[in-house]
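So that you can tell them apart, the chains are marked A, B and C in the order they are listed, and the count of residues begins at 1 in each.
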Amino acid sequence: HIESDIDATQHALRSYLLLLSGALIFFMQAGFAMLVAGSVRRKNTRNSMLKNLLDAVGAAIAYFCVGYGFAFGGEMNEFAGSGLPDTTFIGLENFFGQGEIDYPFYFFQYTFFAASVTIVAGTLAERCQMGAYLGYSMFLTGFVYPVVAHAAWTAKGFLSPTHVEPLLGIGMVDFSGSGVVHCTGGFTALYATKILGSRRGRFYDINTGAALDVPKPMPGHSVALQMLGSFILWFGWYGFNPGTALLLTDNPYQAEIGALCAVNTFMASSGACIAALIVKMIWSYRETGRYSFDLLAAMNGTLSGLVSITAGCATLDLWAAFLVGAIAGVLYVFGSDLLVRIQIDDAVDAIPVHAMGGAWGVIAVGLFSVPKRLAQIYGEEAGKHPGFFYSFSNGGVNADLLACQVVGILFIIAWTMATMFPFFIWLNFMGWFRTGSVQELVGLDIAYNLDGGEAAAADEGGAGAAE
Amino acid sequence: HIESDIDATQHALRSYLLLLSGALIFFMQAGFAMLVAGSVRRKNTRNSMLKNLLDAVGAAIAYFCVGYGFAFGGEMNEFAGSGLPDTTFIGLENFFGQGEIDYPFYFFQYTFFAASVTIVAGTLAERCQMGAYLGYSMFLTGFVYPVVAHAAWTAKGFLSPTHVEPLLGIGMVDFSGSGVVHCTGGFTALYATKILGSRRGRFYDINTGAALDVPKPMPGHSVALQMLGSFILWFGWYGFNPGTALLLTDNPYQAEIGALCAVNTFMASSGACIAALIVKMIWSYRETGRYSFDLLAAMNGTLSGLVSITAGCATLDLWAAFLVGAIAGVLYVFGSDLLVRIQIDDAVDAIPVHAMGGAWGVIAVGLFSVPKRLAQIYGEEAGKHPGFFYSFSNGGVNADLLACQVVGILFIIAWTMATMFPFFIWLNFMGWFRTGSVQELVGLDIAYNLDGGEAAAADEGGAGAAE
Amino acid sequence: HIESDIDATQHALRSYLLLLSGALIFFMQAGFAMLVAGSVRRKNTRNSMLKNLLDAVGAAIAYFCVGYGFAFGGEMNEFAGSGLPDTTFIGLENFFGQGEIDYPFYFFQYTFFAASVTIVAGTLAERCQMGAYLGYSMFLTGFVYPVVAHAAWTAKGFLSPTHVEPLLGIGMVDFSGSGVVHCTGGFTALYATKILGSRRGRFYDINTGAALDVPKPMPGHSVALQMLGSFILWFGWYGFNPGTALLLTDNPYQAEIGALCAVNTFMASSGACIAALIVKMIWSYRETGRYSFDLLAAMNGTLSGLVSITAGCATLDLWAAFLVGAIAGVLYVFGSDLLVRIQIDDAVDAIPVHAMGGAWGVIAVGLFSVPKRLAQIYGEEAGKHPGFFYSFSNGGVNADLLACQVVGILFIIAWTMATMFPFFIWLNFMGWFRTGSVQELVGLDIAYNLDGGEAAAADEGGAGAAE
């Protein structure tokens, strides 16, 4: 019974650590809510926060009904086979919580679903109808995201490095989900805002319709809430990345890998923060002759660094994590600027942070992954397909992993485009997507009666505060 | 020594997980503070936050001096007997931290004491004297709450399912404390506000004293803080519910139960959020012909769902957790409306959330508890007294558990009424309970000099912000 | 293989608990940011938050490059020797993440570095140049702090109780760093503000230069953010103190010690909160004839209690922790008043909280440490040098430990003065330290273009909110 005692202890350890890591990830919901609340104008605060709350709730419902089943159905936590073909498009068991379920894993994966869907909330802020938002979030968590998760993270997935015959012998390595979570959410945000259009008056004069020379800034109403949200997200990431290592059950390197994930997390975010800040300082110096410090760039840079290391946290060295983060920070600044130039209106810069940061993070794995770490996680064979820059040391050029990473990103882009794009076009065609222009002008809180007639009464207590 | 090594590892695991779970629960203090701060008018912000801070502090002092001793004294964590009668009203050892104490358990239980007492802070906001509040909180955590915890959660408690001869063969099942923590706090809040009276001008015209046709809304000054508080509470609940499962020492199902608790937590809160939102949408449609989204109802609905699953998180199936939460959400909306109709003034709706949600949660255990889970937690015998809706499958009707749950709730209601009601009447009689009407009008921050004469100086920095 | 299985389990347990504890400590960055943001005037909010963000980032970079190497280089987590002399001033390995590194420990210690450096941010708020601040923070985390950590916490450190021949047979006991973390940060803040000078108009009339009879209050713009920050810090402390006990690898009392740390943490903070509040109430009664409640004193008192128990959390009894905290709370009130009298301007009272609270905490270990706990942690021999008040029970007076504690504090004061004082004088001499007086008057957010020209645009959304 000693062995069973040890097994039970290890099982309890894994279970509870998954729960605590999942709780940290769940807390990112608060981070997103504060980040978005601070980033919108006061008149839309309540509306955007309700969307954040309904993200968590809608994700839970869609997850319970079909999401988990499509993603992980029939595979339990060890992704064991079950008489099906070696490769499947989706799972088809465990709908509505039926069948044998590993609850720690079930809880942990829920928090990923919820994180992915909430990325879009900020981008669409200040002009999206509540019903459309709810429909989108159920569709994403119920079907679109699960297909990606199934492909990348289960033994039956065609992209998975744990597949019996992984793509090019290695598959796509997206450890905690730069691609699965952040690109899926980020590209969906891109398509959505493309169809939804920019906020009124952002790029065009409201009255004349003439294009503005300089886009009108629509700054958020509380930088303190944005900062709080960013720190909460950073905190939650210590559940995201090291937590995923807990799924390496029976792997003797599991604890070491988990710790490496945590260290790489702060390395990348630090690199990204300082890189974004410096680029913006140089820009401001060129334009105005003096240096200025851009807090928002530093914050969003930090977040893009966190996104970018999510794929490679387990397989990169510390210096590489810092470098990958720094490049993500630079990409963020240019990406954010590019979006404005091509008149894509992202209220919280979620697209450059999550879509671009995520895609870069997945590619970076193909460049910098250390053979030793790949072998520790995915087995000896995987170690022979290292990151491109390490392949030379094996006496030859090997871009297998890099190619898989590119395939993975292209799949995510194509899949989300194939599903979400028509969905948003349909929503738009039906007139369900965008709020009326008067509502937008007045602000969604009053337009949708979110303030319950309290706007006037609130004045009694003093000037309007951080609502 | 191998066995002792395993024992030591299991002990360390349990200890640290209790500490981390307790830390999450403690963080709920921040959640309550932000929720209340956002829910009151600006002029009372500091006062209500000080009460939140002193809750945590006063609970610690009362807990150390007598609270722990009364609740768990002499029983250590395994609730082992000690030569006393089989049933005791209170414990009588370990006062002032003396005697043998299991520190992880000691820390964990402190966070429950602190959570229970802080529930009342919001209800009484904007009109309660600081001294009265302190007196109440010491009395509750020093004596009233410990008696309930002793009855429900120790092997000597007459309601406890771990008693040698539990009530009706099963006892009251209140796993993490819908009744012990939330009803005790919630009903105390009800009695307190009944005696304290409503805020001036809420139901009556200040000048004429005439009853208002429509109660005057007194909205809080920051929805962002309310939202933040709600998310922090939800986060903390992942310590509350799964953490309690850690007390099932040497139970082979402990990890599985803990994870079930976590999953049920998000199932119930999601059901409650969506149910409360829908009910309010229907109401608004009937009244005004258009749908409106009530963020506060969604938030408080979420919280009532969390409260309601606290008793049954370990013994309900996922679908039942969702259903129990949904009913809690509906109950919240009706309860909140009812309170306004009978002119009971609850500044943060803590009564419908905690008292009603808690009572429903305890009852729900008697309806939906799965025999298998009861057997896993409390032994084979307990599995024969399942939730009412499961009893038919045993070939007969068995309402033992349901009866115990009702008895438990009635006991909590009666006990808190017998102790707290006279206490509040006495406070009121002495003139120590309610602030003067001028103070209330001016706001307690200035009335009690909480702003240190800084109100004027603050203007320099800009218009008053989220104080 | 059973033994190796147990070892692996214990290793995984320790690793992940270090990660989670470290994540809690990291979250204190959010606490400091909110505390400082709320404590400054609106016009400097962005500037001070950027400093908080860059603290975490700069600490990461300096830590990676040289900080870890100087502090813990070549000693791995067990602080094993390596052929060097028994006592070294600094470590000289593991720069830039090279060599064998124990990643859980590496992550955990990073969070301490980041905590130490951010203490200073608040004190210097509203008048310090960004470049100077960055330079200071890299210097502190890259060199000054590592020397202190090396001396107190590694087997080669001359103050360390784990040294082969500890000072006076016992060494300085600073379990989680009242001295190492808080005094290092706190005294640096003292020197910095002494050289930087007070905010314009705080003690002197801006126009005439005449000394003010009463210093001008410069209250922060959001008490809610201060309260939130304080609670986040308290929450994070449950990572700080119990987390350190995880470093007692292979110590059979490790879990018990960790739990004691958690309990002592809330005991001390509660004592400090109530003591500070009462002292301020008595003061206000003497001055004005009525009692007033000082929320800021209660909050900062709580923090000073947390700081004061950080050294002794593992070796004090519960009652002693309460007492040590209460004294810290009183010291805070008097210290805060003293600073104003001698015209040292501390925007967030970090000096009385961290420098005074920290120094008192270290001394208190020398007075109240229980022999049993010292023996459990540092071995039988250490138990013979107990806290001064326990030494009489051994039949004699023994002030060895007390003497070590005093030596330790004097070393920290002297070392930080020897390094940071000249550094700040040099910064000041070069004109890099203090912002111009116009910039200070306008506010650093606008002066350094931190608001990106958004100040005007923000008005659209309503009156300025909690930025």
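Simple rule for what comes next: a contact is a pair of C-beta atoms (placed from the backbone, for glycine too) under 8 Å apart; a residue touches a chain by one contact, two chains touch by 3 or more.
From a predicted model like this one, the values you see are computed outputs, not experimental measurements.
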Give a one-word verdict, same or different, on whether chain A and chain C use largely identical residue numbers at their interface, taking over half shared as same. different
Fitting on CA atoms only, what is the rotation between the copies chain B and chain C? Please report it in degrees, nearest 5. 120
Just curious, how far off is chain C from chain A if you go by their C-alpha centres, in Å? 34
Of all the residues in chain A, which ones touch at least 2 other chains? 2, 6, 9, 13, 20, 222, 224-225, 228, 463, 465-467
Residues of chain A touching chain B in their complex? 2, 5-6, 8-9, 11-13, 15-16, 18-20, 22-23, 26-27, 29-30, 33-34, 37-38, 45-47, 49-50, 52-54, 56-58, 60-61, 64, 96-97, 102-104, 106-107, 110, 130, 222, 224-225, 228, 448-454, 457-458, 460-463, 465-467
Chain B-touching residues of chain C, taken from the complex the two chains share: 2-3, 6, 9-10, 13, 17, 20-21, 24, 41-43, 216-219, 221-225, 227-228, 230-232, 234-235, 238-239, 242, 246, 252, 254-256, 258-260, 262-263, 266-267, 269-270, 273-274, 277, 284, 288, 290, 292-296, 298-299, 302, 317-319, 322, 463-467
